[in-house]
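First comes the structure, then the notes that go with it.
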Amino acid sequence: MMSDTPEVVKKVFAIFVVGILIIGFFMAFTQMPKGNAVNVNDTVSRFYIMKDVDQATQMLDKGTYFNKDMVPLRNDVPYTPITFGKSSNLEDGAANVVTSIVVDYRGFDTLGEVTVLFLAASGVMLVLHGEKRKVPKKKTAPSEIMYVGTRIAFSVILLFGIYVFIHGHLTPGGGFPGGAIIASGILGLFLGRQGYSPNKAGLTVFESLSGMAYVIIGITGLVAEKSFLANFLPTGTIGDLFSAGFIALIYIAIGMKVGSELSAVTNAMIVDTEED
Amino acid sequence: MITLFSTLLVILIVAGGFVAVFSKKLLSSVISMGLVSLGVSGLFFFLQAPDVAITEAAIGAGLSTAIFIIAMKKIQKGGTNDDE
Amino acid sequence: MIDFLQNWIYLTGAMALVGIGLYIVLTNTNIFRIIVGLNIIDSGTNLFIVTIAWHPKSVMPIYTATNNLVVNGHVISADPLPQSLVLTAIVIGLGTTALALAIAVKIYQKYGTLDVRKIKEEDK
Amino acid sequence: MKTYNLAALLVGVPLLMAFSIPLFGFISKQLTKWITILTLGFEFFFGLYIFLWHIYPFNVIMGNWVPPFGENLYIGPFATVLIMLVSFVGLMISIYNLWSANHGDVTHFALLFLMFIGGSIGLISTGDIFNIFIFMEITGISSYALAAYGPERRALGGAFKYLVISSIGSTLYLFGVLLIYTQLGTLNIAEIGARISQTTSGLLTFAGILLVAGLAVEAELFPFNGWVPDTYTGAVNPVSATLSGIGSVGGVYVLFRILMTVFGKDGNFVSTYGNIDLMTLVAILGATTVVIGELSALAQKNVKKMLAYSSMAQMGLVAIGFSIGSKLGSYAGVFQLINHSIAKAMMFLILGVIVSFGIGEHIEDMKGLWYKSPFLTITFTIGSLSLLGLPLFGGFWSKFALVDASIQRGGWYDFVIAIVLFASVVEAFYYLRVVGYMFTSKPSSVDKIKVSISPAVPIVAFSILIIAIGIFPQIVGGISWNAAHELTDKMGGYVLNVIPTIVGH
């Protein structure tokens, strides 16, 4: 970053800065809770795991959630045990608690996150914009085996990506890795065929429509449940494929959006642009 | 057992970081960055965060490195030369 | 004994990654290497966040038929909230990397070099 | 707790329109710019509606999960005034863009411009400390791409520098957020603010320093503002105007929201944890920024670079104003922020018009501008006089309030008077030098500059606003005072409006 200073000075300065930062961090770590870890029972995550936010809200409204010294009484919130495959109509039906936080309890963050990726893709296109476009020629054309192989692999990868984001509320994964998996499948197609290029207009339409779908799901919540990004569907039984309300819908939108976006980014990077 | 394995993994990622600092070739720097990401995603698995592990493996280690190498290919000298 | 040290080992690894990344960013003049440094900082940050959400006895935060997260009104899983924050941070890191690489490619097309010093000289 | 969930549209509508802009781009490139104008017009009138009908302060609850458990937007007087400011400046610049931004990929430019302002509005209104990080990244990523846009190649270097510094800054911010989370187990600003005195661990001091360091990048404070001159000079003029007039507003708002609402002690003006007083730290950073910015601006012969350094110095004055800590100081800070945002955006736009007629950015090139275009010269003069704080212009009142606040605070804050006087004198010198060049040396052959309607509208609107604020300071004075009241009254102004039952029974 610093351009004119001599090499040695720069290195000493860098070691100095890094040293100060790391010393600061280790001094901070010694003051962390026991074992350098957050105790889950002392954080709001406790309610997300117990799917108990409604109970806590009732206590908050009655004024018994905080004690006199403003300490939250998180362990006093009444709790109903959850059994996998049996409990139904919970306030949030996802078996994967991380998913329920990402999409439901802190859904607004995720809307912003989708936007960040969208803006990054748009920024790549703005920066790499050029008049002439040509697909680079490979020095050696890929063989027939490569061509057929990547196409077969693509269909399998596509299916796997869709599986990952549809089962986001049950298994690890979700919209973002699912979309990234699909995009890496499309990356494989670039390797397999001379002069391959996905339909750019199609990707744009896909991306826009899935993004709009996400915001419209949010606005539906505003209309139906009087709150932006609120769940307006029944939550079903925990562990079922058709459970967790709108989480699956949102993850499908996110998966399609991320997949098409990342494909568009790789496409913009691979295709050469020259300004004349 | 898992403790030993994850400790080795930590040592591996830190070593990968040092390779990224000191290697002369840009390409080996980028590959070791990908390895660091992969090692970190393995650690996430031991740290009971399978969601994060999958995402880091697919996005951080996979696509990020791929985009890096594509960008380096566009710059013809990228793979062979450094600091030019 | 080594169980007790686990968090420290991970935290040290995370801090080492952040330090290495920052060192790369501060000392290098090649734009691609600076982006490598930013990526390594990101990895270190993510490792830090996931580590503080975990302690040696915790289980993964997913309800399955065999994995119960609450025992006697006491949560035993890893903290899912920092994990969900890391998901966000990873995706944001990818966005930043892609944009930085696009700018780097454009810089190479316009200047014919990736060295920060030479770019500064040419601008004068 | 008053809730008004419909105001989620303040963030939802720009997002929806931004996602749909690529589809409109298939129809016509020019249409995308009109979409931007319409959306920002909606934002401005929504803000005006909240202000005039006095709906604020209220909460917007996301997903029916009430504040300490879910995410919320909190729109109080301070957020209201800044939402109106940001969307007004954005609306004006987007009208200017109709005429200006025609190079390259217009569709994605319009999209990123819209989301930069949408992200700033989100940044201003959010009530969650991690959500701030997301909106910082939204404004950040869109501004890196916008800064790299343009026919000139020097834009790329500036954009890259901004990207590197800003992403390190946001990483530091993220560390700070997580360190706070380990102590209090929550991410809600109101709950953290109320409970922060329960833990006096030195870890919080460190977290506070990390947060300040991360936010100082956007707020253009001293050790983290190395990107400002390069980025502002490299970017095309409407983008410089956006970054200076809108980007820094969000950064300063969040910085002082965190310093005063999260780290501030109730009823007391300073926030001391451990041995380090964060407010004093920021005051020192601000003073350093002013001195360095003004002296560098004085040394510049390039007008655009001069404006960039001057913008840095003005942000330093804003930071000093807030960090005095009293209600009057915050009032001065808000007022100065409004004046700076309007005047600096206008001057970058004027410079854009001048440059588009083949006149260079160098100070010598400004010679005889009065004979070519009296309109541009007069408006540029109005902006300069407001920035240096002449009576009858907007900037006078804010600098006056700044001096007044530092006298009332007393103690070693007296140095603020010296800083303000120093800044005014130096600013007077370098701005009047440019204005002087404009009026001197009539060129032999005068080719008149004819300014078309779409760049003229924002310039006229901004200069009318500056003069109106100068003559009737109560236009923004009243709401600035309310904003200052909210900012300094931590419990009554913020925490109890978000979580009313936090005091317990």
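Think of it as A, B, C and D in the order they're written, each chain with its own count starting at 1.
Following the convention adopted for this analysis, contacts are C-beta pairs under 8 Å (C-beta built on N, C-alpha and C of every residue); 3 or more make two chains touch, one makes a residue touch a chain.
Quantities reported herein were computed from a predicted structural model and do not represent experimental measurements.
Engineer: Looking at chain pairs A-C and A-B, which one is connected by more C-beta pairs in contact?
Structural biologist: Of A-C and A-B, more C-beta pairs in contact link A-C.
Engineer: For chain A and chain C, let me know how many angstrom lie between their CA-based centres, rounded off.
Structural biologist: 15
Engineer: From the mean C-alpha coordinate of chain A to that of chain B, what's the distance rounded to whole Å?
Structural biologist: Centre-to-centre distance between chain A and chain B: 20 Å.
Engineer: Taking the mean of the C-alpha atoms as each chain's centre, how many Å separate chain A from chain D?
Structural biologist: Result: the chain centres lie 29 Å from each other.
Engineer: Measuring centre to centre with CA averages, how many angstrom lie between chain B and chain D?
Structural biologist: 38
Engineer: Mind pulling the residue numbers of chain D that touch at least two other chains?
Structural biologist: 130, 134, 137, 141, 144-145, 148, 164, 175, 181-182, 187
Engineer: For chain C, jot down the residues that touch at least 2 other chains.
Structural biologist: Chain C, residues with two or more chain partners: 18, 22-23, 25, 29, 34, 42, 51-54, 58, 61-62, 77-78, 81-85, 87-88, 90-92, 94-96, 98-99, 101-106, 116, 120.
Engineer: Residues of chain B touching 2+ other chains?
Structural biologist: Residue numbers touching two or more other chains: 49-52, 55, 59, 63, 67, 71, 74.
Engineer: Name the touching chain pairs, would you?
Structural biologist: Contacting pairs: A-B, A-C, A-D, B-C, C-D.
Engineer: In the complex of these two chains, what residues of chain B are touching chain A?
Structural biologist: Where chain B meets chain A, its residues are 49-55, 57-59, 62-63, 66-67, 70-71, 74.
Engineer: Would you pull the chain C residues touching chain D in the complex into a rising list?
Structural biologist: 18, 22, 25, 31, 34, 38, 41-42, 45, 48-49, 52, 81-82, 85, 88-89, 92, 95-96, 99-100, 103-104, 106-107, 110-111, 116, 119-120, 123
Engineer: Going by the contact rule set out above, which residues of chain A touch chain B in the complex?
Structural biologist: Per the touch definition, chain A meets chain B at residues 96, 98-99, 164, 172-174, 176-177, 180-181, 183-184, 187, 262, 265-266, 269-270, 272.
Engineer: Could you list, by residue number, the parts of chain D that touch chain C in their complex?
Structural biologist: On the chain D side, the touching residues are 130, 134, 137, 141, 144-145, 148, 153-154, 156-157, 159-160, 163-164, 167-168, 171, 174-175, 178, 181-182, 187.
Engineer: Touching chain A in the complex: which residues of chain D?
Structural biologist: It comes out as residues 5-6, 8-9, 12, 15-16, 18-23, 26, 60-66, 68-71, 104-105, 108-109, 111-112, 115, 119, 122, 128, 130-131, 134-135, 137-138, 141-142, 144-146, 148-149, 161, 164-165, 175, 179, 181-183, 185-187, 191, 194-195, 198, 201-203, 206-207, 209, 499, 501-505.
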